[in-house]
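Next come two complexes, and both contain subunit A; in the first it sits with subunit B, in the second with subunit C.
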Partner chain A sequence: MSRYILGRAAQAVVVLWAAYTLTFVVLYLLPSDPVALQLGAAGIETDKLSPVQLQAAMAKYGLDRPVLEQYLSSLWGALHGDLGTSIAKQRPVTALLGERIGSTVALGAVAGVLMLVGGTVLAYLASYVRWRPARILLTRLPSVGASFPQFFIGLLLIQLFAFTLGWLPATGSDGFSSLILPALTISLLTSSLLAQVLMRSFDDTLSQAYIVTARAKGLSRAAVQWKHAFRNAALPAMTILGVIVGLTVTSAIVVETVFARNGVGKLAQESVVAQDVPVVLAIVALAAAVFVVVNLVVDLLYPLLDPRIVHVPKVSR
Partner chain B sequence: MSPLVTINDLHVGYARGDRVAPAVRGVDLTIGRGEIVALVGESGSGKTTVANTVIGLLPDSALISGGSVVVDGVEVVGAKERALRALRGSVIGLVPQDPMVGLNPTHRIGRQVAEAVRRRGVSGPQVDLGVIEALEQAGIDDAVLRARQFPHELSGGLRQRVLIAIALAGRPRLIIADEPTSALDVTVQSRILDHLEGLVRESGTSLLIITHDLAVAADRSDRVVVLQDGQIVEQGRPADILVSPEQDYTKRLIAAAPGLAHGGRIVPRFELAPDQVATADPVIRLESVSKRYAVPGAGGSFLALDDVSVEVARGRTHALVGESGSGKTTTLRLALGLEKATSGRVVLDDVDITDLGWKQTRPLRRKIQLVHQNPYASLDPRFTIRQSITEPLVSFKVGDRRSRAARATELLDQVALPASYLDRLPSELSGGQRQRVAIARALALEPGLVLLDEPVSALDVSVQEQILALLSELQERLGLSYLFISHDLAVVAQVSHTVSVLNRGRVVESGSVAHVFGSPQSEYTQELIAAIPGQRAEAVARSRELVHD
Partner chain C sequence: MTVPIPPAGQPVPSGLDRAVEESLLDDAPVVGRRGNTVRTLKRLGRKPGFVLALVLIVFVVLTAFVPSWFTGFDPTATSPKDRLLSPSLTHPFGTDDLGRDLWTRMLHGSALTIKATLIALSIAIVAGLTLGVVSGFFGGLVDVVLMRFVDVLLAVPSLLFALAIVTALGFGTVPVAIAVGVGIVPGFARTTRAEVLRVKTLPYVEAARAGGASWLRVLVRHVLPNSWGPVLVLAVLDTGVAIIAIASLSFLGFGAAPPAAEWGTLISNGRNFLITAPWVSLLPGLFVGAVVLSLNHLSKTLQELGR
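Now for the complex of A and B:
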């Protein structure tokens, strides 16, 4: 068991490193001129500089060093919690992230809870309700939810709840009430995805032989579904939780822009527009870290929920 | 006293699109208190539908179009879920068909039994006592340990006993056993059936056994009810049914059951003199092979085969018999070259293939082909029959499109299927037809040796008989040699010349079938022979005949 945990943790570290390196390579070695790109972000127009001034500017941002050296020093810094300095904003990236991350974490947490509750309740009801029209309606809902673009849903919600009904603020990032609409926008997509996987999984589970055994004991349908079907049905759905969390991060970029929230997603959008490479690199690494950690947690939870996982010895070789 | 179950003119159908396909057509049946009734029929005869109607577990697509089913004074047809739920568990217990999938994999055994115990109103610490009691009643040693384990940690036989414990825990008045042991080894099967029968006789519980095997039915029941196409064609005491069946269908079932065909005795088809058992030039020879698997984690290893020598004479059938874990399948994988032996040699057609690599073994695969146990899983569901049969030809680049088409037709003809089946998909075929296709595919490359891995154990008895007849016919016509793996000794006797009995990776006995089965030397072989179903009923029938004479 401890070998399993260590193995999975080591795997997670490798994935994280690979994500950081790949992002670095993509951002620095793209066919454009990385020097001009970054100096441009700082407001310096390379065309108008004399060679001496250019050399000085490059030295200031460490751009005169070989790429490998830049990579190693940036990786070394990242390992020690120093993510470099934003070129456009002239401030440490960690400070920028620190200011913005609270609002995004709150958004992600509320969206995550809504996703879990919404997706599970929908799937649960769809497999429990026996009246055909209601059942059909419930099973079709997720594909509707998943097929609307998020910015459109966001605008629709603002129109309805902020402008028409006046219940909630349309934009901004102060207080819990401003969280509800953006979180709803994200979770509408993510809970639809979760519900789709769970519904399939419920269908499969409820056709298993042990469900017949449970019903033959005289358990009620509710007891059978809750005690026997739910946990087994949730197992395959856990696998896509990692994907869904990744989706939540990318959704934050769109949603924070639509709702004018000052979070990491908004920062990502601004940094990409300003071609602020150190910030973009830091945000991608952060997103990768979240993704890796969630997947690690899911993998470690799996054996707790499914006793068969740990006990399978390798006998194929 | 009124019977426990009274079924009157029951009609049940299944909705298929707009139409309703009838499954049960006017069945009348009673089950008395304490009576053991066996419902016998082939797949699709409606026997499971009848059982599901009684316990109120019909799928949503089923429609009861008429009749009545009264269980313990309660009308089941048209009853609300709440009323049915009151019956399940406490009046009717169910022992389902496949113990490998019948238990929730994520719950401990104890918890699953406890649910059934609580149904009779027990609560608190009494539940634990009830769980242990039920497990012990079902014949499980170490009940406390077992209750704490998960289903995957138990063998198939133990899982089936757990399912019996669950059925018993509610103290029902009727137990329905749906093919309760067909997924288990013969000796385990007979022990479990003995135990279940003893329990119901002792407690006065009624038992409804659903089975396709008349031998099992006849051994265990007070009354055999034969079902065909949703109608009862014959019923009566087992001895009467076996001695003087009135319907052709029943006669066919009796003839098809290998244990019953010769009065519960094994009658080998081939007699070989002792000096004919070994031949100078066998097709394949495994010379004292051993196979050791490493067991990671535990740091040890597991000896799957221990000094096993087996050979198949040309044009003959050699059988490997034994229970799960005896090493039958490992032997087969070694013969196929899928595994390397830890020690010993494998000689195919005078070529030592023990140390050959994949590339060198490949041309040899034309000489040796395999037919799997489960025809439902061994055919690619998206391949037409033509694609399945011609795939080996394509893979070895034999002939062109036209000659392959001609060969496919010829092969189907050999296994007695019409050429019109070439463009069908496996899902349109019955189990027996699928196995014919699998045999045709194995014959495509004209192999000298065909490995048959439990080729009939997934099939109904009457279909089994047809497939076995086909295999014998093909052997005579094409001069094939078979290595036949089976746990069913009666089937082995029907097709094999020689046999090796395997137990825990060792050959405990081998020789001609007539010799080994006729005068078994090892205790293990004797046990296997005693477990063949159909012997008890035959004995009763014979003794009655003697009285009449």
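Now for the complex of A and C:
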């Protein structure tokens, strides 16, 4: 077992390193002129500089070094908690992230709670209800929810709850009330994903033999679903936790822009507009790290929650 | 191989006889592949949801090529006295803050959105199919290396990776399309690989190999035609995903420069008038939602058909 844990953790580290490298390649090797791109973020127009000034500017941001050296120093820095300096804002990236991450984590947490409640209730009802029209409506609802662009759903909620009803503030990041609409926007998408997985899982579970036994001994359908099916059906949903966290992170970019909240998502949007390469790299790496860690934790916890899963070493000796 | 010897006294069927027999067969009800297609189409035609979704998608594709068939307005003609008119018979979607007909702008936006979607899809299909086919068909070390690469692509949330690509390539319809296309490559690669792995073990592939066909011929003639079903379903589904991603990226401000407007930009433009003129944002949004919903429905119906 400990071999399995070590191997799985090593794999996570390799994936994370590869993701960092891939993003670095995209950001530093893909542009036709990476120097002009990065100096542009600092407000310097490279064509207007004399060669000497250009050399000085490149030296200031460390762009005069070979790309491999830049890569190694950036990776070394990232391993030591130094994510470089924002070119547009002239501040350490870690400080920028530190200021903004609280707001995004709070948003993600509220969205997560709403998702769990919404997704579970929807899937539970959809597999319990027997009246066909209602059942069809409930099973189709998630795919409808996932068909609309998230920023549109955000605008719709603002229109309804902020402008028409006047219950909640439209934008801003002060207090809990300003958190509800953006969290609701994110959770509508994530809960439709969760509900789809849960519905399929309920279908599988409810067709198993022990469910027939439970019904045969005289339990009501409600009791069978609640006491016998629910916990087993909920287990497979854990495997998409990583995907859901990833979706929450990317949703935060759009949703924080719609609701003008000062979080990491908004920082990502601003940094792309300013073509602030170090910040973009840091945010992508951070998101990949969150995704990899969540998946690792899920993989390690799953056998504890479901003892039927046993890890057999893949390579037989 | 043994050839059955016809009993004495009975003529061996000549080529002419066979031709006659086969021509007789042609008069019989259509069977075989063509017959299957006809029957499938008839079955689909009886599903109102499928037909409705298909009609909407065909309509949108048409508007991308000939928007002038469906509107008499100019998408860039401003008219100050017609600012923010609510929807009416002359302006089905109302007008925007510069008095431009929103329905017309929506139709002209189709061209940009569909162009971007097609670029994204072609990248995803070409790269994803290649990765999946090579990985699944050759197996071994190639498979391991390629699939680990796909794992890494999956570890970066696709919209964030798209942001990195847009940062590197600059703004506009084509960079956004490329970024979105790269994001949906992993899904294609995995689905194709799974299908190729499944088909590869079937007896007819073995028979073809045993019959002396080269691996390239087996791949092109036997494996590919039989593994594209689920890939097609995924392609239809991912068209919707790509439309939403492209709209989101242009909403964030990375799409085509004004006055050209993709669907995402149109929805985004209306958000400054949400109080006074909500339709400027909401109607284009509903339109995009209807298109994506139709694509999802088409994909789902095709998937059920494949079972």
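The rule is simple: the second predicted complex is superposed on the first by the 309 of 317 C-alpha atoms of A that agree within 3 Å, B and C clash if a C-alpha of one lies under 4 Å from a C-alpha of the other, contacts with A are read in each partner's own complex, and residues count from 1 in each chain.
What we mean here is this: contacts are C-beta pairs under 8 Å (C-beta built on N, C-alpha and C of every residue); 3 or more make two chains touch, one makes a residue touch a chain.
Because the structure is a prediction, the values reported are computed rather than measured.
J.: Taking the superposition as given, does A:18 touch the first partner, subunit B, the second, subunit C, both, or neither?
T.: A:18 sits against subunit C, while subunit B stays out of touch.
J.: So, does A:36 touch the first partner subunit B, the second partner subunit C, both, or neither?
T.: neither
J.: Counting residues of subunit A touched by each partner, does subunit B or subunit C come out ahead?
T.: C
J.: Is A:231 contacted by the first partner subunit B, the second partner subunit C, both or neither?
T.: Once the two structures are laid over each other on A, A:231 reaches subunit B alone.
J.: With both complexes overlaid on chain A, does A:287 touch subunit B (first), subunit C (second), both or neither?
T.: Second partner only.
J.: Of the partners subunit B and subunit C, which touch A:27 in the superposed model: first, second, both, neither?
T.: Second partner only, subunit C.
J.: Once chain A of both complexes is superposed, is A:208 in touch with subunit B (first), subunit C (second), both, or neither?
T.: A:208: touches subunit B, not subunit C.
J.: Kindly list the residues of subunit A that each of subunit B and subunit C touches, one partner per complex.
T.: none
J.: Subunit B touches which residues of subunit A in the complex?
T.: Interface residues on subunit A, with respect to subunit B: 208-210, 212-221, 227-228, 231-232, 235, 305-308, 311, 313-315, 317.
J.: Would you tell me which residues of subunit B are touching subunit A in their complex?
T.: 55, 57, 81, 85-90, 92-94, 96-98, 101-107, 112, 115-116, 119, 150, 152-153, 163, 166-167, 170, 293-298
J.: So in the complex, which bits of subunit C are touching subunit A?
T.: 148-149, 151-153, 155-161, 163-169, 240, 244, 247-248, 251-254, 264, 267-268, 270-271, 274-275, 278, 281-282, 285, 288-289, 292-293, 296, 300
J.: Taking the complex as given, what residues does subunit A use to touch subunit C?
T.: Contact set of subunit A toward subunit C: 15-16, 18-19, 22-23, 26-27, 30-31, 37, 143-144, 146-152, 155-156, 158-159, 163, 246-247, 249-250, 253-254, 257-258, 268-269, 271-273, 275, 277, 280-281, 283-284, 287-288, 291-292.
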